[in-house]
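Multiple structures are listed underneath, in structure tokens.
Two complexes, one shared chain (chain A), two partners (chain B, chain C).
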Partner chain A sequence: MPTIRFLLADGAELAVEAQNGRTLMETALESSVPGIIAECNGSAACATCHVVLPEEIMVALGPISEHENDMLDFAEAPRESGSRLSCQVRVSDMLDNVSVRIPSA
Partner chain B sequence: MSEAVKVVDDVTFEELLANPYPVFKRVRDLGSVVKVDAANIMMVTRFDDIMAIERDPETFSSINPQSLLNTVIGPNLMRKDGEDHARERAAMDPSLRPGVVKRCWAEPMQVICDDVISQIEHKGEAELFEELAAPIAARALADILGFDGVDWQTMALWSQSLIDGSGNYSHDPEIARKAREAASGVESAVDRMLPHHRANPNPSMLSSMLQADPPQTVEQIYANIKVAIGGGLNETRDSILTLILGLLQNPDQLARVRAEPSLWGQAFEEAVRWISPIGMYPRRLTRDTEISGTLVHKGEQVGLCVGAANHDDRRFSDPDKFDVFREKKSHLAFGAGSHFCAGTWVSRALVSQIVVPMVFERLRNLRLKDPELVRVRGWVFRGPTHMPVVWDA
Partner chain C sequence: MPHDIDHLVAARPGNESSIVIVGAGQAGLSTAEKLRANGFVGSITLVGEEPDAPYQRPPLSKAYLLGELERARLKLKAEDWYARNRIALRLGTRVASIDRARRRVCLADGAILAYDCLVLATGAIARKLPQAISRGLAGIFTIRTLADIDALRPALEKRGKLLVIGGGYIGLEIAAVARGLGMTVDVVEAAERPLARVASAETAASVEALHRSRGVTFHVGKAVSELLGADRVAGARLGDGTIIAADVVVAGIGGMPETALAAGAGLAIDNGIAVDAYGRSDDPFIWAAGDCANFSLSGGGLRMESVGNAIDSADLVARNIMGARQPYRPKPWFWSDQFDLKLQIAGLSRPGDTVVVRQGAGPGRSHWYYREGRLVAVDGLNAPRDYLVGKRFLAASASPDPVLVADPMQALEAPANN
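Moving on, here comes the complex of A and B:
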């Protein structure tokens, strides 16, 4: 089981055991990670599950959909080069020990 | 130990229509699921319960082939779940994404708004429901759907007739007739417009549905365009009026928002929390389960009262107050889960970035003509129904 290191907006880190195949958003909700609201519960419709990933992980995850790309420009916290909707990213071994930052609005 | 559903039998339907919030509070404090006889529904009214329900669509399903909504408008995305729902939703989303709204719809919406305000600007007084909010909401929606040459009155009539038909639990034949007439009106308009959109791909919803992979069938297009007409006109209209009302009743907040235009978005979210245009929508139980300790059974229907959740004093302090500057927290006015409103980003842009700022810019020293004349009504759908105002022309 990979460990995801959520880096909270206040600077604290919350390391959680995650299950492969679940989304980062589901992983965050199960551990009540503050800042992941996920109003649409994973439908890529609300942009309230915004996270920022390291550059090398962005490259490894490959291109994002046109819909997600559009939505990210309207998340509350400004978009960064590592921005993703956490509901659209599935946990895999590649994310083991990776820092997933919750940007502050 | 699980509890049985409690019952409230001493509230009248008229009380709910006039002001549901005191009833919602009583019900919220009484139990997690309460049957309210006047409305003939089991209400869920607490914020956390509704959020939890919307994260469990397998237990709390939207699927309901026998619903009045399906009878009136045909099988549609609001009453589907899972992949079936996702495909139909994906077929309309390309018209409604926030970036598309900004790039494609902001300008035409600006033009509509300018036109409507220009017609009343010189008069110094108006009734804002009929003369401002309804025409703007209807014309903006017609553009987004890709309906040319349908006037706002027809859009408004279709919308109201479809809504009334979907709530026609007493089977009133006149309401049913009007709903059928609206349905066939929409279908003819779709038939008339499809060749144009097929030949000229564009950002409109009709065109998106044709471009979808796989393309939507004509039946799917008919039904989901009707959902957008029934669900996208009155709510937008009502939120325009509610935001104006909240600000006119609180001139200090209005002054701060006008001085700092980046606050318009926040003001809009507070308006739809304060008086949510959609106060309740249903889900159906696929198995026996408990909602915060109250037992509900397979096959039963619960009404998710998002209007009540948005006034839940466990979450919002002084919830009945319009306060743009309250502690920031998410609300449920656009629903939650996979059916989270498809038109969220359109209404945010139209109402908070275009219409209401322009109203306060152009209608100088805008004020209520007489606070006593303002009418706000409804519980499943709620909003100002009559709002006379005056300004310095």
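Moving on, here comes the complex of A and C:
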């Protein structure tokens, strides 16, 4: 089981054991990670699950959908180069020990 | 204000306090979660009538019914989350009554729970067809719970002909799923268009056109006078005599706030459990959140059935229980998935609002609603950018120039987040 390291907006870190195949958003919700609200339950409709991933992971995850791309441009916290909607990212071993930052709005 | 400050102080829970939450849906769960986030350390009991731990309802008429989302993923929290957060979950049992004088609730299984503070998050129930129309036939379904979907699924597996009664969001989402499964689909809507109560004429027309292009047959301005069949439903007779054959009927004729428990306890009921702007009922120890709660705000009563409202109103109630004294400032928003359409709605439009259409270069478009020159709502139809920009304008109480909005070549500058 990969461990995801959520970096909270206040600087604290919350390490969470995650299940492969679930989304990063689901993983965050299960541990009540502050700042991940996910109002649309992962429909890519709300942008309240915005996270920032390291550059190399972004590359490895591959291209994102046009819809997600548009949503990210206007998420509450300003978009960064590593921005993703966490509901659109599946957990895999590749994310083991990766820092997933919650941007502050 | 119905309550004076003494009441608020008297009811503010301490370390030894117990809070009982009735209804283990989105609002009940969010209330429990937010109570902990706001530092409440006393006991929390979440009582739910359904056998399942809190789960998401929206996918029931979308990805879950289509078979694209496994059951386990509907769960809002992992099993061990409740113990880790010291939230006692009592499922499969209904709260039967409230003894307000002694401040305790009686469960249908006979248990009695004392409370210092009670939160009603009883949600809504699906309206059923009158007996005169349904005639007790098999093969007629309503959609609210996982159990409802478990009952409907086998009926859809036989494919065949589906009749949807009521062209609201849930009815249309079911229609889209059924077409995706290869069924023949008829939708009967008594109003002159689908989504009549819940979307503008412009948005409804776009959605209806999409459904027609995918082979859904609409019968608008017509009511079902009777369902036909011997013991299983075989069809329907409409008011104008039209007969529609059907193997399965889904009644999507709206929801009603679940107020039975509150009414039985003598709480004020007015299109839901009547609560003040803080989420408190006319009993200072009882609060309500989510689909069941009708908030009394400066603009009048406001009751919404949406996940956003369930989360936000639960958050408000949790904070106010802890003494925050903040009035509800709703930010209404909603989404719906039908075929390849993602509809996103922010704000509340009304008939009579001026509508400005922004037609994107691709298939996406958005509808912007103005009342007395002010932006009041935005619908994005496969237009997430417009939707989010509109949402920012609404949050900032700002209104973009309708001339710019109507011209897709003009970029819209979103106001900065505050």
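The rule we apply is simple: the second predicted complex is superposed on the first by the 105 of 105 C-alpha atoms of A that agree within 3 Å, B and C clash if a C-alpha of one lies under 4 Å from a C-alpha of the other, contacts with A are read in each partner's own complex, and residues count from 1 in each chain.
Everything below uses one rule, namely that a contact is a pair of C-beta atoms (placed from the backbone, for glycine too) under 8 Å apart; a residue touches a chain by one contact, two chains touch by 3 or more.
All values reported here derive from a predicted model rather than from experimental measurement.
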Margin query: By the touch definition at the top of the document, which applies to A:Arg22: first (chain B), second (chain C), both, or neither?
Written below: second
Notebook entry, point to check: Thinking of the overlay built on chain A, is A:His67 touched by chain B (first), by chain C (second), by both, or by neither?
Noted result: both
Notebook entry, point to check: Looking at the overlay, does A:Cys46 come into contact with chain B only (first), chain C only (second), both, or neither?
Noted result: both
Item checked: chain C versus chain B, contacts on chain A by residue -> C
Note to self: If we overlay the two complexes on their shared chain A, which of chain B and chain C does A:Ile36 touch? Say first, second, both or neither.
What the structure shows: neither
Next item on the list: Mind sorting out which residues of chain A both chain B and chain C touch, each in its own complex?
Entry: 29, 37, 39-41, 43, 45-47, 67, 70-71, 73-74
Check: How about chain C: which of its residues touch chain A in the complex?
Finding: 33, 36-37, 56, 58-59, 62, 73, 76-78, 81, 85, 307-308, 311, 333, 335, 337, 342, 344, 382, 384-385, 388-389, 391-392, 414, 417
Item checked: Interface residues, chain A side, partner chain B - complex -> 29, 37, 39-43, 45-48, 67, 70-71, 73-74
Notebook entry, point to check: Considering the complex alone, what residue numbers of chain A touch chain C?
Noted result: 22, 26, 29-32, 34, 37, 39-41, 43-47, 67, 70-71, 73-76, 105
Notebook entry, point to check: Within the complex, which stretch of chain B touches chain A?
Noted result: 54-55, 86, 89-90, 93-94, 97-100, 330, 334, 336-338, 340, 342, 344-345
